[in-house]
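What follows is a pair of complexes built around chain A, which joins chain B in one and chain C in the other.
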Partner chain A sequence: MRKMGFALSLFREYLANYIKTKLTYRADFWVEVFSDLMFSAMNLIFIFVVFTHTPALGDWTEAEVVFVYGYFMIPYGIFSTFMNLWNFSDRYITKGEMDRILTRPAGSLTQVMLENVDPPSLLGSLVGLGIMAAAWAKLGLPLHWYDPLVLIVMVLGSVLIYMGLYTALAAISFYSDAPTGIAPLMYNIQNYGRYPIQIYNKGIRFLLTWLLPFAFVGVYPASFFLDRHHDRVMAWLTPVMGVIFFALGLYVWNRGVKRYRGAGS
Partner chain B sequence: MASAYLDFIRIRFLMMLAYRVNYYSGIVIYAINIGAYYFMWKAIYGSAETLGGFTVAQMTTYIAVSWMARAFYFNNLDREISNEIRDGSVAVQMTRPISYLMVKMMQGFGEGLFRLLLFMAPGMIVAILIFPVSLPTDPLRWAMFFVMIWFSFLINSQLNILTGLFAFFVENNEGLMRLKRVLIDLLSGVILPMTFFPGWARAILDWLPFQAITYLPGSVFTGRLSGGDAWNALLVQFVWFAALIVPIWLMWRAARKRLFVQGG
Partner chain C sequence: MLAIDVHQLRKQFKVQKNREGLKGALLDLFKREHTEVTAVKDISFQIPQGEICGYIGENGAGKSTTIKMLTGILVPTSGRLLVNGYVPYKEREQFVRGIGVVFGQRSQLWWDIGVIESFRLLRKVYRVDEADFKRRLDELVETLQLGDLLNRPVRKLSLGQRMRCELVAALLHQPSILFLDEPTIGLDIVVKTEIREFLKKLNREHGTTILLTTHDLQDIEALCSRVIMLDDGRIIYDGGLEELKERWGKGREVQFQFTDPIPLAAVSALTSGLDVRWTKENEVTAKVWIPRELNVSDVLSRVVGSSAEISDIKIFETNTDEIVREIYRTGSPEAKEAVRG
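Up next is the complex of A and B:
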């Protein structure tokens, strides 16, 4: 608990630092926010354009697919705020900055996360919430008293899955010295969990459910709220999978850190 | 002089070869990408015969070939250039008696060549085995396709260089690089062929360089464009390649006068 408090106080400091840097490069800050939103817009455009040619995807309507997308944006925004590890292997392994991290009092993963904190990504979560609400209204779904609570649990589960997977992915750079990493390609796979899982064949469904469980950051938890696709079992597996994958990610990371030998030069 | 540039291709090629994990995982991940889009498009088609002027068979081939073409033309030159500008090592590179931008281009080509031979070829074979991809039989079409993805590479790299060079002027161009990546994926035709866009959007997209990167070569390969249209597509690519040289040249000239190394 005291460790947690320490991490939180560090978080505040880094946040203050972040704001100071961003105030220096104001124009870039807005370009960054804008491009993040464009990224989501791109996926929405894809959905809208596709639905001008077809009435349904599998047996999912446009509003339902948009609903799932809105849900996805919430955990994704939170994840991107705290885990901006895209250049981890280049910055920390190849350039040897990990040496410095290991001398810090905070845990190595906490320290790396804090140094790369990216609050504007939270804006994406808000936009996602808005999209979800709009789709909710359009679908005429009932709003139960427990829905907001369930949403929080689901989002937490999804965030943990993302964090676990990307921690493990970043930790791979401790084992293999691949400079570009698998990240950019993984980046594409994460998209597929946002579409109705039923349209894929068994192999891809298995992959998205159990191996790289991106379906738990989209279609499964969102289906809890959709009457027509209500799937209680898979939806409630979200927090369970979250805990499992986060634990796995931490395990890979901790073992990886032990293998770290510093950069050659 | 030319041999120095060739060496840059060779070195990058060998460098890519050194990182095997990337290679194996890359093939698997590209296969999954093609697979996921294949099933998604199958669901989109449902019982429809043609959508946006594509038959299901043409669409399958289009998806496979455009992902494979992406393997060839994709590179991170924007990131490399902006990193070198930001950490100041560009200054050292500029003192060398070779053109910095040409070196970058060659490095990108080495990377693309690596993926073409060791990625695209096996990936295509896997895709043909799993999905109903139909390859063109006309050798001329094949030849044309390869010329066209060469131009895809050039145009994509030019856009990357332009984005990277922005680091000279804005100090932090992270957002811009992300934006460029999104735009290329959305507007070049990898995830959505141009014919699917509504009319007004197409009218705009026809005047942007993005479609020359994926949509045009993909259309020639699948046989949607042939004869005069195919030559026209090639001409469009060439014009974009030539046109993009101008802003790069202007920016590079302005950048050299402006260069100050941060924290140096």
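Up next is the complex of A and C:
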């Protein structure tokens, strides 16, 4: 717990430095925000286009699919803010910046995460929340007093799943010195998670539920709030899966760091 | 108390063998072959607190690998090591709070923002008290004359300015051991001297133990009371710099320039009976090599006292560079000793 508090106080400092850096490159900042939002808009438009051709996907209506997508954007935005690890292997392993990380008295994963924080991604979460609220109204769902609290728990669970998976993915670079092709593969599979899983075949459903549980960052937790597709068991599995996968990710990372071999002299 | 205590330390790396050609590359795809490379081979040494120790060796001798094990970056394959009372890779976060690290080739500072911002962040990371931080920073800024650089972004600093800032960054939390990996690489002579003076002062006033690797032997001569020399992962010399010079020094050379051409046989005849070696540079110049045991003046008096007229005399003292080059070339000082004996 004390470690957590320390990490949070560091977050403030890193954030301040992030802002100072970005203020020197303002154009860059706005381009980034703009491209993030464009990307989300494209995905949403894709859903609308699909539904101009068909009234329902499986037995999911447009508003329901949009609802799930809106939910997905919330944890995804938070995840992208804190885990911008796309260049981890190149920057920290190949170029050896991990050396510097390891000579400082804070968790190695914490430092790597903080050095790459990307707050503009949080805008995506806000947009997602808006989309979800609009779909909520359109579906005429009831709003219970506990719904916001459940949403927070679900989002946390989903974020943990993402973090666990991508921590493990980044840690693979400790084991293999050549950057692998796994990252794009993961990225593609992850995209399946934001649509209702019931529209896929059995194999993909199994994969998305238990192996790379991206369905817990979308349809399962969102189903808690939907009346037609309400699935209480799978929904409440979200935080459980989150804790399990995050612990797995940390385990792989901590073992990987011990195998770090540095770069050059 | 010992600052660094190393016993039988070893580090092995697995290195992929890449087979030749397209066929080899395809074979590699399915079955990789590995070779084990031992970068550090069972070395042992102890460094007491407050010592400045130089760690030298050719490229690839294992210097950086050792430093990285001592600073907790790499996990050793086998052996015991204790730095500041900690096993570095085991209690990493606790341990690194007591050490400072400067890698000459790598920056600890944020590239785009003022240096002072990096220092502030490091204060937080090392949990240094605000008042301590201020006092320490003022002191460092004054001795290293960084006053007007503090608000400049790192990318606008010269290498010398950056290096001084790196030192400050590594010392803000008052570490008791400072590791420096090639701290003077690429710097001009003025900055080099400044940094050496600063390190000496740090060692004198705060008792900081310093371990530095370098290729610049003048760093060693200026700073170190002790040298550890590494070759191919093994320690080939561990001891004082003076002793190194004395035991493996090549002796001295005296160059005579005569007014008239003189044959080699004639000059050799002048010193007959003495264990010296003459070589001829050109018609009028000859060089004599005198071993350490012999007095230079003995040789000088014989030559000067002869009938040959001398227009110039130069005495060359062996410098450390030459000794070290010689040791690298022959592999180990012991081997060289054997050849000479």
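Operating definition for what follows: the second predicted complex is superposed on the first by the 261 of 265 C-alpha atoms of A that agree within 3 Å, B and C clash if a C-alpha of one lies under 4 Å from a C-alpha of the other, contacts with A are read in each partner's own complex, and residues count from 1 in each chain.
Here is the rule we go by: contacts are C-beta pairs under 8 Å (C-beta built on N, C-alpha and C of every residue); 3 or more make two chains touch, one makes a residue touch a chain.
In this text, all values refer to a predicted model and were calculated from it rather than measured experimentally.
In the superposed pair of complexes, A:Asn17 makes contact with chain C only, with no contact to chain B. Judged by the touch definition given at the top, the superposed model places A:Gly96 against chain C, while chain B stays out of reach.
With both structures placed on the common chain, the touch criterion links A:Arg104 to chain C but leaves chain B unconnected. In the overlay built on the shared chain, the residue A:Ala27 is in contact with chain B alone; chain C does not reach it.
When the two complexes are overlaid on their common chain A, residue A:Phe39 makes contact with chain B while staying clear of chain C. Touched residues of chain A, counted separately for chain B and chain C, are more numerous for B.
Applying the stated contact rule after C-alpha superposition, one finds that A:Asp147 touches neither chain B nor chain C.
Residue contacts after overlaying the shared chain place A:Val50 against chain B, while chain C stays out of touching range.
On chain A, the surface touched by chain B in one complex and the surface touched by chain C in the other have residues 25, 177 in common. Listed in rising order, the residues of chain B touching chain A in the complex are 19, 21-22, 25-26, 29-30, 32-33, 35-36, 39-40, 42-46, 48, 51-52, 76, 170-176, 178-179, 182-183, 185-186, 191-192, 196-198. Taken together, the chain A residues at the contact with chain B in this complex read 25, 27-36, 38-39, 42, 45-46, 49-50, 52-54, 56-58, 172, 176-182, 185-186, 188-189, 191-192, 195-196, 199-201, 203-204, 207. Against chain A, the residues of chain C that register as touching in their complex are 13, 16, 59-60, 63-65, 68, 71-75, 89, 92-94, 96-97, 99, 101, 103, 105-106, 108, 110, 112-114, 117, 120-121, 124-127, 153, 181. Taken in their complex, chain A has these residues touching chain C: 6, 9-10, 13-14, 16-17, 20-21, 24-25, 96-100, 102-107, 177, 258-262, 264-265.
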